[in-house]
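One structure, as structure tokens, below. Some questions next.
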Amino acid sequence: SGQAGHSTLTVFAAASLTESFTALEKRFEAEHTGVDVVFSFAGSSQLAQQINEGARADVFASADEANMNKVTAHLAGLPAVFATNQLTIAVAPGNPKGIRGLADLARPGLAVVVCAPQVPCGAATRKAAGTALKPVSEEQDVKAVLTKVTAGEADAGLVYRTDVRSAGEKVTGVDFPEAAQAVNRYPIAALAESAQAEAARQFTEFVLGPAGREELTRVGFGAP
Amino acid sequence: MARHDPGGIPRLLWVPAACALALVVLPVVGLVLRTDLARLPELVVAPAALSALELSLTTAAMSTVTCVILGVPLAVVLARARGRAVRFLRAVVLLPLVLPPVVGGLALLYLLGRNGFLGYALDAATGVRLPFTTAAVVIAQTFVAMPFLVVSLEGALRSAGTGYERVAATLGARPWTVFRRVTLPLLLPALGSGVVLSFARALGEFGATITFAGSLQGVTRTLPLEVYAQSESDVDSAVAVALLLVVVAILVIALARPRALEGVR
Amino acid sequence: MARHDPGGIPRLLWVPAACALALVVLPVVGLVLRTDLARLPELVVAPAALSALELSLTTAAMSTVTCVILGVPLAVVLARARGRAVRFLRAVVLLPLVLPPVVGGLALLYLLGRNGFLGYALDAATGVRLPFTTAAVVIAQTFVAMPFLVVSLEGALRSAGTGYERVAATLGARPWTVFRRVTLPLLLPALGSGVVLSFARALGEFGATITFAGSLQGVTRTLPLEVYAQSESDVDSAVAVALLLVVVAILVIALARPRALEGVR
Amino acid sequence: MTGLTARLTLSRGTFTLDVDLSVPAGTVLAVLGPNGAGKSTLLDGLVGLHRPDRGAVVLGGRDVTAVPVHSRRIALLAQDAMLFPHLSVLDNVAFAPRSAGLGRATARDRARHWLSEVDAGALADRGPAQLSGGQAQRVAVARALAGEPELLLLDEPLAALDVDAARAVRGLLRRVIRAEDRCTVLVTHDPLDALTLADHVVVLDAGRVVERGPVRDVLAAPRTAFTARIAGLNLVPGTVTGAGLRTGDGQVIAGVAAADAVAGQAGVAVFPPSAVAVFPAGDPPGGSPRNTVAATVATLEPHGPVIRLRTAGSGWAADLTPAAVAELGLEPGVPVRLAVKAAAVTVHPALD
Amino acid sequence: MTGLTARLTLSRGTFTLDVDLSVPAGTVLAVLGPNGAGKSTLLDGLVGLHRPDRGAVVLGGRDVTAVPVHSRRIALLAQDAMLFPHLSVLDNVAFAPRSAGLGRATARDRARHWLSEVDAGALADRGPAQLSGGQAQRVAVARALAGEPELLLLDEPLAALDVDAARAVRGLLRRVIRAEDRCTVLVTHDPLDALTLADHVVVLDAGRVVERGPVRDVLAAPRTAFTARIAGLNLVPGTVTGAGLRTGDGQVIAGVAAADAVAGQAGVAVFPPSAVAVFPAGDPPGGSPRNTVAATVATLEPHGPVIRLRTAGSGWAADLTPAAVAELGLEPGVPVRLAVKAAAVTVHPALD
């Protein structure tokens, strides 16, 4: 357990981890009294940028390995993958258009949205689906894709399983086999500059451990 | 005219003015210094950047025009009409100013999207669907930019008072003539500022556009969206594209803000 | 005074004014209708929302004050000083307006971050690091909001002309007195608009803040950032929080915009 | 009735204006009164820039009380010139014709006409900021006239003008304000303007009419202290002749004709009581005073530092110092001979 | 030299002003001239609102040409009142004292003093929008005076004032503008203001000085047509007495003393040539004209519709109609007797 007195542990985490990490925070703080975990949620690339510009953070949890690799110089140790995510097709509840897989998305008159190829989910989409899709929009992040589907504006969108889970009853997810070719891996690492090296290590292990596994699974992440 | 400054600008003001200028200029200078200027030409002629630039300029121009056409009348009504309702409306106009742009885009989607009550009617009546079209970009930009025009014009209208408008009425000018020949010309300097503000806001619009209009190259992906997309993979090139945006904007504003708009006295 | 309107507002203007109002109001109405209002109280008293709200109000207020302190002098200098340099500076002030906020945040980070030339000096000299502090939020908001104040004031200053300032000088008022007792009071209505614009812009600031200041609860996570975080898990509750932001902003503006700012005539 | 009839009660802060007046078509009403009497407020009320608390403004048979300013066909030349700063002098003057629906070229032609009428033709292309005070005032006069309104309200149109310009504009006004179907309300501080331009006069004080009537009656026999201070002239109506004026009963008064007095037309000879010399009855003295008349002293009353003597017979008033009154032994009933130099008499064209 | 010396060449558009003038400390210079002559431009140049192309303004020994407006200690009452719309009347007047560093209470006391001097004490708490034209003008006068400047520039300070207010402000100006170390430049269209308030006069036309000199010399013998049209008065200097004025050579001229003329002090008797009657030489006629003087016709010249006759001996001018001249057989060298009624003569306090 943690040291006496209060210390603050700053965790830079990808925005898609908002829900799971917020839940983890409570459990971690209950076990490690005296440690106050605070999160900065933003896009992984933004967080990497900030770390490179001297942000004081203790732990970095990225949504992809590319961004983790940008901050190698600032890491205390090797990053460890703690979760994976897979693409799925989000459709209106009950799947009224009867979409079964990627092939159906090419049907004329179907409004499909995906992530832009520059962002991680878009890269994954490219990898899984190639360039066959003719989307009406290439969104800047996966939440924007989801929003278009929940708003009824798009008939289908390629999003992560976690997104379908968090949207609850507003969308239905249709898994497709090609998604396995583009599994997205979430690495976590403590940062070298941390003044709370011990707590940082503990948090990293907590995320990688059973408690982390449980919360992450609950919101739809896959095991590493 | 060879008019003297009556004593000039108080010295005390130069200090904060210089600070303000530094706050604005230094970061941009820092940005330029960090940019690999050698790569700039290559990035700038990239088709994605060019098409985004073109789209940005067209849509921002169109939405600025829309802002003027709709916003000037609204500002006049808000500044000149009386009653409690007007005081309330004055606050309502500020809504898009404070709404986070993404939420603003969502609001537009809820209204004009396929399931929105206006969007549904439009679709049923004319078969037109707004989202994911260039028109949607213009609407989103107008939505966020118009309050800037309205608020700045309203303040100017109120400062100017109604003296000349009253004179015009005694000369037999009906309200529309008064508006066209007196109110509007006297408003020109403020309109200049308002147009610059709303054009700049429209040009930089990001959140509402991506939410309401999406992001498709050549159709809805404006330069800010392109910058954002670039920044995910390559921050440096994103910065370069952003600088392109800045240069173009400054040029457009400098050229499109003729001396006529700078003052009538 | 029982002054007549000299004929009133031209009828023709009511149509575009109504359209403009509809464009602003209808989406927000749609948003409210789609929101689960029953959940609102619960979301609003959530500690995260409350602390974000408090932070937003404090930082937006602080940056508005900074905008006024730095921006008013800059506007006066730009409106009253002469020469080519001034014409150039007038364009430069528009930079943050067109810079996509994310890039603006990046620029601030490059300048004031540990590796930035000012940030490095500051760190070495005083041990102070700005990024990821509440001060950084204020700086980011000031950076994006100040041009709105400056541009709208400058237009108003130019419309107003220098007549009264010249009279004041002939009465022996030195430039600082002229500024304090004549320029500023006559500028109040425009300053009111400018303050509203910059406060609103600061309150809604997202891109530059998240880039330059990060998103730390209680330190740098303002309400728009909270909305963003919320939207990751639940769009509906994000919208609800955004509405909270809107309501608060309108209230603050309505309360903090006393009649004194509405006009002196 | 054609012309203007107005009854107005209106208030500005603690000040209340309560006035009724009527101006028959083709006539001019002069409004006199001290500063702050409510003259400008009255004009504002008539043109519709101030909403009356009670009352009605009827112009040419139309009740215009509820008619918007721009459709009243009333032009107001306010005390402050207020030329539109963004329009050239020419376009300022062309504003009313344009508003009345005339084309640009026609309106400009008309504007040029009115500008030359006020001797400001050379200023047409200037901006209002490039005019002197008097030049701006003249342009404002032209602007108000160019609208050819049914009712013309003029607030001190001759203030700020130099002598020559004042004379020219006075002549212009005399020509244009008597158009067939037009009536005019003229605010002025100068009784001579009232005399030469107006038919009737009202004197305002503290928002109320304290005196009214035909100009000549009011100016010749003021009943309030204010009017007395500015007026109290000898006025003799008659017909203009080459050498002066012939009264109804054939008497000839030698005088200097004003530039616009035309022989054969109605005129009025004006001379101040201070110009009237009093001699003992008997032979006229053989000097330059060309107008002598026998009369009887009617009343003697102090009038500031002098004594004003009114006579029966001619009805003329003469101002004398107390010393002169004592020396000549003047008292009511004493017969005297009055003399006025022709050069002290001005003959103005009369208005009826 | 103390006082003001200025040499200014400046241009506004196509108009060029080229003037040199000097105003000794303690004296007043009147500036006359037609509309657009450059009077206001001259004041702007002196106060520093217009940059001269060439020239220098020296005030009290200091060269202030390059001194900023606010440190020149020159107050300008412009043609347009321009009261600050956001300040009460009291604070408008207190503006200059406050700017000079006085505390709020002291400045307001001083402002109250000046307001009551212009009879506007009751308006102290009003806003400028709540004043009539004449009231605003009076407040503007008070505001300019409250600064107690070294040089006071007044642009038609009496325009828009009613007779009573004009008289009161004229009296006030006479009292304050002759302070020991102050000099004043007064723009006016009224020669009587020049006469009663100023020591010297310059007449401007088209940006140039066309006439200058002591007021009395210029007004009595104008050398330009413009000045002649507005002036040409008979002016007789002397000492004020109870019944009029005693000239240096002991002659007494009966007249009516102006309200501010004090017996025993220097004064000037003023009467228009049109008030002078001409009789054949010999016995004075026994009537009310109390001032008669023997003289000889010196010159006869047409002056508009009348003939102006100047005499040797008294130096008075008389205006006569051509008929009178013919009848009396007047020609140079003919001895005559001149008569002026006392009531037609006003005695004003003189300035030296």
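The first chain written gets the first letter, and so on, giving A, B, C, D and E; residue counts start at 1 in each chain.
We take it that a residue touches a chain if its C-beta (ideal position, glycine included) is under 8 Å from a C-beta of that chain, and two chains touch if they have at least 3 such contacts.
In this text the structure is predicted, and so the values were computed from the model without any measurement.
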| item | value |
| --- | --- |
| Contact distance in steps, from chain A to chain D | 2 |
| Intersection of the contact lists for chain C and chain D | B, E |
| Most extensive contact between chains (C-beta pair count) | B-C |
| Between chain E and chain C, distance of the C-alpha-averaged centres to the nearest whole Å | 56 |
| Chain centre separation in whole Å, for chain E relative to chain B (CA means) | 58 |
| Whole-Å separation of chain centres (CA-atom averages), chain A against chain E | 89 |
| Approximate Å spacing (C-alpha centroids) for the pair chain D, chain E | 25 |
| For chain E, residues contacting two or more additional chains | 12-13, 48-49, 68-70 |
| Of all residues in chain C, the ones touching two or more other chains | 1, 6-8, 102, 106, 110, 116, 166, 168-170, 174-175, 178, 186, 228, 231, 235, 265 |
| Where chain A touches two or more other chains at once, by residue number | 49, 147 |
| Of all residues in chain B, those that touch chain D in their complex | 1, 163-164, 166-175, 177-178, 181-182, 185-186, 188, 264-265 |
| Contact set on chain B toward chain C in their complex | 5-17, 19-21, 23-28, 30-31, 33-34, 69-74, 76-77, 80-81, 89, 91-104, 106-108, 110-112, 116-118, 139, 142-143, 146-148, 150-152, 154-156, 158-162, 165-166, 168-170, 174-176, 178-179, 186-187, 189-190, 192-194, 196-197, 200-201, 203-204, 206-207, 223-224, 227-228, 231, 235, 238-239, 242, 245-246, 249-250, 253-254, 262-263, 265 |
| Residues of chain D that touch chain E when the two form their complex | 12-13, 33-41, 79-80, 126, 130-135, 138, 155-156, 159-165, 189, 226, 229-230, 243, 254-257, 273-280, 285-290, 304-306, 318-321, 323-324, 328, 337, 339, 341-344 |
| Contacting residues of chain E [partner chain C, same complex] | 47-49, 68-71, 73-76, 78, 82, 84-87, 95-96, 98-100, 129, 143-144, 147, 149 |
| Of chain B, residues touching chain A in the complex | 106, 109-110, 113-115, 131-132, 210-211, 213-217, 220-221, 225, 228-233, 235 |
